[in-house]
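These are the structures, in C-alpha cells.
First chain A sits with chain B, and in the next complex the same chain sits with chain C.
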Partner chain A sequence: MSRAALLVLADGRFPAGGHAHSGGAEAAVKAGRITGTASLEEYCRGRLHTAGLVAAAFAAAAVLGAEVRELDSAADARTPSAALRGAARRLGRQLLRAARVAWPTAELDALAREFPKGAHQPVVLGVVARAAGLSAQDAAYCAAYECVSGPATAVVRLLSLDPFEATGVLARLTTEVDRVADRAVEAAREVVAGAGVDALPAASAPLMEIGAEWHAGWAVRLFAS
Partner chain B sequence: MDRMTLTGVHATARIVARDDGRGGTSLPVLEGEGPLALRRTRGSGAEARVMVVGAMSGPLGGDRFGIEARVEDGARLGVGSAAATIALPGQGKEEARYDVRLDVADGGELRWLPEQLISARGSDLRVSTRVDVGARGRLVLREEQVLGRVGEEPGRLGSRLTVRVAGRAVLDQELACGPGALGGWDGPAVLAGHRAVGQLVVVRPEFAVEPMAARMLGECAALTPLAGPAVLVSAVAGDALRLRRVLDEALAQLGG
Partner chain C sequence: MHLDRDHHHGPVALSADAHRADGSRRALRIGLGGPVGSGKTATVAALCRALRDKLSLAVVTNDIYTREDAEFLLREAVLPPERITAVETGACPHTAIRDDISANLEAVEDLEDEVGPLDLILVESGGDNLTATFSKGLVDAQIFVIDVAGGDDIPRKGGPGVTTADLLVVNKTDLAPYVGSDLARMAADAKAQRAELPVVFQSLRSETGVTDVAAWVRERLAAWTA
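Then we have the complex of A and B:
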C-alpha cells in the first residue's frame, strides 16, 4: 500500500463527480454573500469549521472501523437539508463506483450492496481510504480539503475569479485544515474507543443549509449543489 | 433548594406530565429550583400549560441550569417562558451551562416554546437540548438565539440540539458563535452578520407516511423534512422580532 494513493484520491480529477458540486457556493454567490476573494475565503473558512470538520471526522471514523450503518444514520441527523442529504448520497455512490475500479476489495463491494442508493460521501470516503491502505488522518485531510477546494474551484467559474486568487485562498487555509483534520481524528478515535457516534462533531452552518434548499428549487443552475 | 457554590448557582427544574384519565393532563411533578420557578397556567383542552418564570437574571458564568420534562403516554404538555433568558458574564472566567432534557413517551405530546436566549457581551454559555420522542410521540420545539442585546457584541455561545425519535437521531446540530468561536462563524457560510438564529422542530407520526416537501419560507428560512417523522424549519434574521415572525408563520403553516 502506498501513501501516494492519497494524491490519487484527493486529486480534483479523480472521477467521483465532485466537479459538478459547488459546496453551496453557487447559492452564496447569487445571494451576494460571496463577491470576491475575501468573502470566498470567509465562506471557505466557515465551511471548513462546520461541514468540513464533520465530514473529516466521519471519514476518519470509517477508516478506524466504526459501524458504517451507524455512521450513515448519524450523518443524516447532521444534515437537516433534504437537498444536501440527497447530494451527499449521490456523491457517495459516484465515489464508490470509481473506487471499486481503482481499489477493488470485498469491503467496497459489500458497501455498494448495502447502500444501493449511496451512503453519505464522507463515510464512503473513509471506507475507500481504508481500501486504498490510507490512514484515518489521510481520510480526514482529504475530506477537509475537499470541502474548501470545491467552493474555491466553483467560484472561479461563477465569478470569473482569478484562479491564482482562488488558489491563494486555499493556501491561506492550510494550517486551519491541519487543525480540523487533527480534531476530526481525535473525535473519530473517541468513537471507536467506546463513545459511539454521538462523539462525532455536529457543527452546523445555518446559511449553507438554508441556501441548499433555495438552490435545489432553481430551474436553472450551473452546479448540482 | 438550589446550591450556591463558589463558582455559581446549580439549579434544575423538573416537570412530569401524566394523563389524568379524565381527558386532561395532571402534573405530578412540578418542581422549580432557585432561579428557575415554574407556574402552572391555564391550559387548553387536554393540554397542561407551564410557564418558566426566571426569578433572577442569568445564567451567569459558572452557573449550571437545567430543566427536565417528561411527558407520559396520553399526556399533553405546553411549556413557555415568561421572558427571554439572558446569558451574562460572571465574576470568574468559567462558562455557564444550560441543559434541557425532554422525554416524550409514545402517545405523549409536548409543545416546547420558550422565549429567546440572548447572549450578552462577555457571557460564555453552553446550551444543550436533548429530546427523546417515542415512535408515536408528538413534538413542537422552538429554539431561538439572539447574539447580543440591541447594538451589542455577542458573548460566546455554543449550542447543541439533538432530537431522537424511537431511539434514532433525526437531528443533531451544533452552533458556536461569538468571540473565541472558530473562524468563519459570522461569515457567508454560517451567519453572515445575522444576529438571530432559530429552529423549529416538529415531530409527528403522520410524517412517516406522508413526508412534507422542502420549501423556502422567505429568503433566509427553509422548511426541510428530516430523515425520520419530523421536519425542521431553520431560519436566520436580522433581529429577534423578525426571526419570531418567520417561525410563527411557519408554525401556523404547519397547523400550529
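Then we have the complex of A and C:
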C-alpha cells in the first residue's frame, strides 16, 4: 500500500482514455458559455459542485465496499443524457483496462467480467482505488479533480487558451475540491452505514446534460464528449 | 511475436495479448500512419479491395475531427459498414495510437467480437506529424505513408515514422515530375535512414497500384498465423 499510488491514478497521463473527452467543455465553448479564463473557472466550479460531487461520492462509496451493480444503476439514474451514460461507461471500461495491468487483482478481473462494456467511470475508479490500496477520500479527490482538470485541458486545445491560465483555474479551485471530496466521503459513509445508495448526492447540471446530447449529434467535433 | 498469454489471468484481453478471451488467436493488427494528405486512407481502401476476397478484414480510423476517413471508406464501399469503426481522438491522433491506446483497443476488440473471426485489422492514424508512431500494445506492425508532393527531403529528415516503421511507403510517384521530386534521391535517403527495413514506391493510379504493399501485408499475415 502506497500513498504515491494516488499520484499514478490521478496523473493526467494515466492512459485511460480521458484525453479524448472534454467534460462538456466543447459544447459549452460552441454555445458561447466558455470564452476565456473567467468563464472556464465558472464552468469548472459548476461542474465540480454537481457532476463532480456525484462522481466523488460514487467513487468513495465503491472504495468502502458498496455493491457495484447497485452503484452502477444509481449512476444511471443520475445521468439523464444517454450520451453521457455512454461516455461514462466507455471511460469506465478504458480505466479498468489500464488498471488491470497497473494493479492486477481478482476483483478488477471480476469487474471486467461482470461489465464487459464498462461500468460508470466513477464506480470503476473507486474499485480501482481500492485495488491500488487507496482510501475512499483518495478516490473522492481523484474523481473531483478529474472533473475539473478534464475541461481545463480541453479548453487549452479548443480556445488556444494560455495553459498557465488554465492551470491557475485549477489551482484556485483546490480548496473547493477539498470541500467536495469531504462531502462526498460523508455521503459514502452513510451509504455503507445502512442508508444505501439513495444517500448518494444527486446534484445535476441540466445544461451539461442538454449540451452532451447536442454535442453527440455534431458531424464535426474534436472530442468524443 | 508470441506473447505470454498466461501473464494476465483476465476474462478479456488487455492490449497486445495474442489470444482472445476464448483462447482463439486474435487478428493481426497493422497500423498506417503518416502526414496529412499523404494517401493513408486511399492506401487502406486499395488494400481492402485487394485483400477482401481472400481475408476477413476490418478497419479502425482515427480522425482528428471524427468520421471523415471512415465516411470516405463507407462511400467507397470497400467493406460493409459494420467492419469500419471510427475512434475519436480529442484533437490528438498521436495520443490515441501511442500514449493512450485504450479507445483503439476497445475498437479492435469490439470488431472481433461483433464481425469476427477476423484475419486482419487495419488501424489508420489521423494525419499527423513525422514523429507519430503506433504503440506495440496496439499494433503488430506499422506502415508509414509519405508522398512525393510533401517534399522529397522527408526521407532525409527522418524522424521515428520514417526511420522505424516496418514498411515505408512513398506514395503518389506519378506526381514526381510535376512537383520536382527526385525519386532516386528519396530512395537513397530512405535507405540511409532505414538500413534493411523495406520501402515501397507506389502510385495508386498506376496498373500495379497497391500490389507491393498488399504482398507485404500477406507476408506479415503468414508470419502471424504460422
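Assume the second predicted complex is superposed on the first by the 225 of 225 C-alpha atoms of A that agree within 3 Å, B and C clash if a C-alpha of one lies under 4 Å from a C-alpha of the other, contacts with A are read in each partner's own complex, and residues count from 1 in each chain.
Everything below uses one rule, namely that a contact is a pair of C-beta atoms (placed from the backbone, for glycine too) under 8 Å apart; a residue touches a chain by one contact, two chains touch by 3 or more.
Just so it is clear, the model here is predicted, and its values are computed rather than measured.
With the C-alpha superposition on chain A as described, chain C and chain B fit side by side in the combined arrangement.
Of the two partner chains placed around the shared chain by superposition, neither chain B nor chain C is touched by A:Val63. Chain A has more of its residues touched by B than by the other of chain B and chain C.
For the superposed model, the angle subtended at the Cα centre of chain A by chain B and chain C works out to 120 degrees in steps of 10. In the superposition on chain A, contact of A:Val124 is made with neither chain B nor chain C.
When the shared chain is aligned, no partner comes close enough to touch A:Ala144: not chain B, not chain C. In the overlay built on the shared chain, the residue A:Ala188 is in contact with neither chain B nor chain C.
By the touch criterion defined above, A:Arg100 lies against chain C but remains apart from chain B after alignment on the C-alpha atoms of chain A. Within the superposed three-chain model, A:Ser39 lies in touch with chain B and out of touch with chain C [touch as defined at top]. Closest approach of chain B to chain C, taken over C-alpha atoms in the A-based superposition, is 20 Å. Counting contacts as defined above, no chain A residue meets chain B in one complex and chain C in the other. Contact residues of chain A toward chain C in the complex are 13, 15-22, 90, 93-94, 97-98, 100-101, 104, 109, 112-113, 116, 154, 157, 219-224.
The residues of chain A lying in touch with chain B in their complex are 24, 28, 31, 33-34, 39, 42-50, 73-74, 76-78, 80-83, 85, 176, 198, 201-210, 213-214, 216-217. Chain C makes touch with chain A in their complex at residues 8-12, 14-15, 64-67, 87-92, 95-96, 99-103, 105-106.
Of all the residues in chain B, the ones that touch chain A in their complex are 160, 162, 168-176, 182-185, 187-192, 194, 197, 214-216, 219-227, 232, 234-236.
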